[in-house]
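Given below, in the form of structure tokens, are the structures.
Two complexes follow with subunit A in common, the first pairing it with subunit B and the second with subunit C.
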Partner chain A sequence: MLSKNFVEYAILLLFKDRNDHLFSFLIFSFIVFILSAVLFISDSLQYDLTQSIKSQPEIVVENTRAGRAYQMHDGFIYDISQITGVSSVEGIVDGYHYFAQKRLWFHIIGDATLAKDEMIIGQGVQKAMAELYYEDEFNFFTEERMIRLKINKRAPKGTNIISNDAIFLHPNTARAVLGMEMDEYSKLYVSVPNPNEVGNVSLKIVEIYPSAKATTQEDAMSAVRHLYYYKGGIFMILYVIALVSFFILLKNQISLVYGEKKKEIAILRSLGFCIKDIIALKFIQNTVVSLSAYLLGVAVAYLYVFVFNAPYLRNIFLGNTLENSITFTPVVDLNLLFLIFLFGVIPFLAFVILPAWKIAISDMSEAVKS
Partner chain B sequence: MKFLAMLATSFAALYLALVAHALSFPTQQKNQEIEALSLRLKDTKPSLNFPTNAYQRFVYAF
Partner chain C sequence: MSKIAIQNLNKLYNPNKPNAFYALKNINLSIEESEIVILKGVSGSGKSTLLSLLGGLSKPSSGEILVDAHNIAKLPDIMSSAFRHQKIGFIFQSFNLLEGLSVYQNILAPLALTKLGKEAMHEKVSLAMELANIEHKKDQKVGSLSGGERQRCAIARAVVMEPEIILADEPTANLDKENSLMFIKILKKFKALHKTVVIATHDTLFDELSCINRCVQMRDGELVL
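Entry: the complex of A and B
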């Protein structure tokens, strides 16, 4: 059992040699900060997207021609509605409009609850339009004509993850903007009441229309998980490389520092400290350093992501052409934090104890004489 | 020991503030807003600058 005086002496020595420990403290905090921040952002985005997928229809059908998205007509709706197990099929107008003045793509979505001359826009769209003084009205320039529409409402800021680039229009207006005919649809929403039949129905749709893509709710969920999957694959390799490089650097730096402190260790040995005590002394000091660095790194990452909304790092996930003032929902995966602790703090202590033990077992008489 | 106690107290205070922030965040309200919007926009896609690389290539030739 370590005595109180022994711990106090270890802390006193830590204060005396604070400059030697500052490097490892700062670098380790930074690594934990970056790692935690990336995982906080990806978890938060995944959480919000998962919430939005809950209302998704059982199957979404999209058509392709020559490898590109292609419209569908009423014949598709009729054929699919005849499949056993399908309760309803709804045709949807959805597409992208190029806003050439700002070199941006707006996501046009048909919404039958809106009047023909009004629209609801996302926050990012609003900012982009406002830069060109479109405050209350907006002009869509199509191949045939200019369509002027009232900006009716803005989507709430909380929904920015899905609505930032969105413009909701009446389906017929959306068709006019996207250059589609009146009986054309971009997507079909297929309702299948029995969840056991969803797989079968989607296979039948692809059988009838081989160029069509049928996406089930389960597929959409796994696509979201895959989109922001930063816990495996290439990212895990990058994390491991960063951590191993840091630990090698740490071991070299600590070996150098302890080499210079050989005389100090020799004096402690001559005062009656045994090897176990020297290792315990260094263990206490480095536990304080690594634990503080870990706790500080995680706390700063939380503040950076959930309080300041991750400036700069957010752009890696969402892009910066269309400004997205998203608010990240605080989602903290404790298992993940424990994993970072396990693969951060424990190797940190191991890499520091090794040089301490090497110095402690070396011949002390030479060190005292020098 | 005094230093350790001070360090533990400051971290405890910092983490308490973070827990308070997490609990005070209107998660429920945000979820309701997202769910309300996803009733209009059933096939949701994340709002990225470019839905696919093809859209980016259209804007920036590379």
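Entry: the complex of A and C
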């Protein structure tokens, strides 16, 4: 059991060499910050997308032609509603409108609760429109005509990732903007109350309409998970590179002060510190450095992502064609944070303690004479 | 019973290698309690090696070192460190202070291994500083001290645990005459406190001192009788 005096003296020696430790502390904090920020962003996006998928019905049907999404008519709704196990089929109008003046794509979503001449816009859309002085009204230019609509209200900042580039319109207005016929739909939401029937129903839909794509909630969830694991993977590689760089820097730093450290360990040994005490001393010192650097890195990453909305980094995830003014939902995966701790703090401690142990077990007589 | 009894002590460096050599050869020596013994000899005669073996800083190749009848030559690290902590005070030629710390913090170092309270530690450090006449510099960083002051700080640290044995390796080699005489004064205090002191030196200053009990000559790793 380490005494209070021992711990206090270890901290005293730590502060004596604070400049050496500060270098490691800052690099370590930065690496933890980068990794934590990436994990916070990807977890938050995964959470929002997963919540969005959960709010959708069990199956989403899209038609394809020449490999691209293609609209469906009322006949699809009738045929699918006849499949055993299906409780309801709802046609959805959804598509993208090209805003040529800003070279941006807006996501048009049909919403039957809105009047035909009004719309709700996301924060990102609002900013893009405001730059061209569209404050209260907006003109949609289609092949046939110009459609002028009132900007009814803005989707609250921080609703989620979905609403940032979205414009919600009455379905018929949305059809007009997207150039669709009045009985056409972009997607069908198919409700299947029995979860065991979802797979069968989706197969039957594809049997009736071979060109249709029936995506179950489970398929959509795994696609989201795959998407963000993929992005997370890239950052994991970056992290490993950063960590290797960190070890090289740390090794250099240790090499620079190796002689002085050896002398210090020899002095302590001559005063009665045993090998176990030297290891405990280095363990305490480097635990203080790595743990405080880890906590600082995580705390700064939390503030950066969830308070300041991850400037610069969010565009890597969300794309930067439309300014992303979303607020990340605070989601903290403790398992992943523990993983960062495990792969950061433990190697850090080992990297410093092993050389200290190696010095401590060597013959001290020459070191104290020098 | 002798305080320290060295029997058939050998120290071989680089064993089984072409450059193997004996730093100490068949040393037999007894030192009584409260004795002050000088180890004399030229550089490379084995004085410092003998001191480091006496203090348990390194292990002999063969032979025994009995301190209070306990053989310290074969103790495991944890026990030889505890022995060093409790019974030995080292004074080195190069002082071996922890740079960046104050005089007080340097003297405190051996007490970090104890469970003493703040006041008891302060009392011990104060006594040690008083003995070494360095209390007026207690808050000063050791880097800013003169050679003599550094030596006195090292002495205070060596005695803070009130060890029975003090081992000094060339304690006056880096000191001017005035500070060397100051060391002699402290040496007399050790005598008064009944410490057993072994000093490795080739300084002639120690030759005629009344407080010295014995002078042992060393040459090429052997005692010269």
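The criterion applied here is as follows: the second predicted complex is superposed on the first by the 346 of 370 C-alpha atoms of A that agree within 3 Å, B and C clash if a C-alpha of one lies under 4 Å from a C-alpha of the other, contacts with A are read in each partner's own complex, and residues count from 1 in each chain.
The definition used in the following text is that a residue touches a chain if its C-beta (ideal position, glycine included) is under 8 Å from a C-beta of that chain, and two chains touch if they have at least 3 such contacts.
All values derive from a computational prediction rather than experimental measurement.
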Partner chain(s) touched by A:Ile11 [first = subunit B, second = subunit C, both, neither]: first
Touched partner set for A:Arg314, first subunit B, second subunit C, both or neither: neither
Partner chain in contact with A:His97 - subunit B first, subunit C second, else both or neither: neither
First (subunit B), second (subunit C), both or neither touched by A:Lys282: neither
Touching partner for A:Leu227 - first (subunit B), second (subunit C), both, neither: first
Partner chain in contact with A:His170 - subunit B first, subunit C second, else both or neither: neither
Broader residue contact with subunit A after superposition on the shared chain, subunit B or subunit C: B
Subunit B versus subunit C as contact partner of A:Gln51, first or second or both or neither: first
First, second, both or neither for A:Val332, with subunit B first and subunit C second: first
Touched partner set for A:Gly272, first subunit B, second subunit C, both or neither: second
Shared contact residues on subunit A - subunit B and subunit C: 4, 8
Interfacial residue positions of subunit A with respect to subunit B in the complex: 4, 7-8, 11, 15, 45, 48-49, 51-57, 60, 92, 94, 96, 98, 103-105, 107, 109, 111, 113, 122, 124, 155-156, 158-166, 168, 187, 189, 215, 220, 224, 227, 288, 292, 295, 299, 302-303, 306-307, 318-322, 324, 327, 329-330, 332
Subunit A partner contacts - residues on subunit B that touch it in the complex: 1, 3-4, 7, 11, 14-15, 18, 21-22, 25-27, 29-31, 33-35, 37-51, 55, 58-59
Subunit C-facing residues of subunit A, complex: 3-6, 8-10, 12-13, 16-17, 263-264, 266-277, 361, 363-365, 368-370
Subunit A contact footprint on subunit C (complex, rising order): 48-49, 52, 55, 57-58, 77-78, 80-82, 84-86, 88, 90, 92-94, 96-98, 100-101, 105, 108-116, 121, 157, 161, 169
